[in-house]
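You will see chain A twice below: alongside chain B first, and alongside chain C after that.
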Partner chain A sequence: MFRNTSSLIQPLVFFIIIALLFPFSLPAEGLLLQRIGGGVIWVSAVLATMLSLESMFHSDYQDGTLEQMLIHPRSLSLAMLGKALAHWTATGLILTLFSPLLCVTFNIPSEQIWVLFTGLLLGTPSLTLIGAIGAALTVTLRRGGVLIAIIILPLYIPILIFGAGMLTQVAQGLEVTSQLYALAAILALSITLAPFAIAGALRITIN
Partner chain B sequence: MPNLKVISANNLSCVRGDNLLFEGVSFDVSEGQCLHVTGPNGCGKTSLLRLISGINQTETGCIKWQGANTNDNSLFLSECAYIAHKEGLKNELTAIENLRYYQQLDGINDELALDDTLAKLKILKCADLLAQQLSFGQRRRLSFARLLIAEFSLWVLDEPFTGIDTDGRELMESLCVNHLKSGGLIIMTHHQTLLDSPLNQYRSELQLGQA
Partner chain C sequence: MNPITIIWNFLSNTYHRLGSPREFYTISRYTTPVFGALFLVLSLIGTYFGLFVAPADYQQGDSFRILFVHVPVAWMSLFVYVVMATAGAIGLIWRMKMAFVVTICSAPIGAAFTALALMTGSIWGKPIWGTYWVWDARLTSELILLFLYFGIMAVYYAFEDRKTAEKATALLSVVGVVIVPIIHYSVEWWSSLHQGVTVFAEGGPKMPPEMLLPLAFMAFGFMFFYGYALFLSMQNKVLDNERKSGWVRALVNNKEQQS
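The block that comes next holds the complex of A and B.
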């Protein structure tokens, strides 16, 4: 991954550009950007994760290492959990680390920046893990990217609701603990269940 | 002998889309034997090897390793190595890193063995080249190196002699013969005859696609 720097930089640049397109296309009213900024950053993070998913298993499939993983006696699901988390550190984690910078461009108040940051930190691993199921299902297809989007984006809605919902709550001065718990619960579920789904999907698709 | 290693397949079949590639394929291979799968292009040689190595699941019949079904059989998987057309090499890693990756997957950590193996296959001088800089023949040799880093009893080889020079072929053949002599099993496809090869005396033939 780190010898292939383009796969490291692409999602990040995509994330920043998508988020920065909004200020240009919206009316320049004082508080509008500040109000929608958090949501925009969440949607950008979802799209950037999406973009990176297509390449997740593609090279492994092309060069045959994926087949070798399938027939290795060690657990495939465990290997896939490791793979998804490694993929997350190169995409989701980096997006999360850069998100406070974007918040500043949207003029989001600092107490909301922390909420957004923690939200993304809890939410993006789930995005990667759930997305990996779609990536595994479409690995043998030549143009799987669109199909991944169709399969996976609807599944991202709950994460988006809780993640972006937190910001509205904070702006109104309300507690956000319940949403944080919900995001953490989704993460716990996807860490425990998604690897099995990914392994199962790979076994079905590769033949 | 109770511990004689045997792989036996009974009544295998393979369907690709609407085409029946083969059916009713049965064979037995035991220690020191090499099964040579032959047949025209598209008759299902690779599909058969993928069934045996466990990438695809059998639809009919079964494959047994020492009497136990090979499906999800980790004992079998740890003794079976499959070398395909796709070499299973990461372009971004160097030759030795690729090999180290497979060694560590098998829970071994032995730098000397890596060098030895590369030297045996005469690719030690390109140990620190990225896999994408290797020639096709060197990549084939590197993928073969994987057979030697752990104790696999059953080698499943798909067209092992494609893309390597005469010297490489002789080397490969002698590795295969050594493996058979030490009680290993080999199942391979190869589109040419093996009559003039040192493997011939260990060989039995399975012809596919005779319909």
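The block that comes next holds the complex of A and C.
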């Protein structure tokens, strides 16, 4: 992942470009962008994560590393948890760190920037972990990209609802603790359960 | 032997017999027409009572009668998903061939039920809510369910090797069943216009028995329709999967000789 700089930069550039498409396609009203900016950033983060998923296991599958992991006596699900978290540091984490900058360009008030930042920090690891199940299922297919999107996007909806919902709440001056708890609960569930599903998917697709 | 042991032995015997494609084919040849007939009888009774006997709603007039299709179909869309995922889990854990067939054949039927629930719902929504579609909790989660069914079907057809495809489909349906409740509640808290729980509400159903009875008939009728459609589709799948085995060849040869 870190050896190849382009795979590190691509999701981030994609994330920024998607977010920047919105100001061009919407009527030029400062308030409108301010209102929908948080949601736009969430959608961009979801799409950028999804785009990076296809390459997640690809090179490991090509050079046989994945097969070595499969026959290794060490727990495969633990290895997959590490793999997913490493992938997250190169995609989700970087997107999260860059999100305040985008918020500033959208004129989002600073108290909402913190909410968005925390939400992305809690939500993007779940996006990667759940997405890795889809990546593992489609790793052997030549054209898996669209299939990943069909499988994974419906599963991303709760994270999107809680994450983007927080911003609406904050804008109305309401508490966001319950949404933060929900995102944290989803993260706890995906850290504990998704590695088993990823390992199971790899055992099924790679014989 | 006490009766429980006898029933248990019978059930486990049937379960193991249904696990073999050949035995399933033989048994389902008899049960499928029974399911079809039960579906016809129950749904005809339900339709008659629903259209002619049940009183008109005090607010919605006669337009509420689409409920007798909408509600059972919406129930079935979830029921089929649970059956599909349970069968997928059984297939993955006990390596049971027929369980995978249940999972794969259920997906299109479930998708059809989901699409019907959405369609009847939006037809009902037009006169009552004044719009065909709103981004409401129930509607949205039902739409996500439809896409989950599509994803499961897409995974099955993406693999060339049938065994891999079966297992991948089963795994995805099991993953989906963990997430469906989360989707349901997340969307529920988000916004809602849809009517709340009516039939299984606390303190008994909030519906007169003249409406409840046809609804029950329709619900059981659609359940038998699912059994009927599932078994027909499974028979087809079994014949296709086992086309190289002796009993299928013998069956086909017999048919050819008869004609």
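The rule we apply is simple: the second predicted complex is superposed on the first by the 207 of 207 C-alpha atoms of A that agree within 3 Å, B and C clash if a C-alpha of one lies under 4 Å from a C-alpha of the other, contacts with A are read in each partner's own complex, and residues count from 1 in each chain.
One rule holds in what follows: a residue touches a chain if its C-beta (ideal position, glycine included) is under 8 Å from a C-beta of that chain, and two chains touch if they have at least 3 such contacts.
Bear in mind that the values here come from a model prediction, so they are computed numbers and not experimental data.
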Quiz item: So, does A:Gln68 touch the first partner chain B, the second partner chain C, both, or neither?
Solution: first
Self-check item: chain B versus chain C as contact partner of A:Val115, first or second or both or neither
Solution: neither
Practice problem: Classify the contacts of A:Ala182 with the two partner chains as first (chain B alone), second (chain C alone), both, or neither. | Solution: second
Practice problem: Compare chain B and chain C by how many residues of chain A each one touches, and report the one with more. | Solution: C
Quiz item: Touching A:Leu202, do we find chain B (first), chain C (second), both, or neither?
Solution: neither
Quiz item: A:Ile150 contacts which: chain B (first), chain C (second), both, neither?
Solution: second
Quiz item: So, A:Ile41: does it touch chain B (first), chain C (second), both, or neither?
Solution: neither
Quiz item: So, A:Leu137: does it touch chain B (first), chain C (second), both, or neither?
Solution: second
Self-check item: Set intersection of chain A contacts, chain C complex versus chain B complex
Solution: 207
Exercise. Name, in rising order, each residue of chain A that touches chain C in their complex.
Key: 130, 133, 137-138, 140-141, 144, 147, 150-151, 153-155, 157-158, 161-162, 165, 182, 186, 189, 193, 197, 200-201, 204-205, 207
Quiz item: Which positions of chain A touch chain B when the two form their complex?
Solution: 3-4, 59, 62-65, 67-68, 70-74, 206-207
Self-check item: chain B - residues contacting chain A, complex
Solution: 50, 53-56, 74-75, 77-78, 80, 82, 84-93, 102, 105
Quiz item: Can you list the chain C residues touching chain A in their complex?
Solution: 92, 144, 147-148, 150-151, 154-155, 158-159, 164, 167-168, 171-172, 174-176, 178-179, 182-183, 186-187, 190
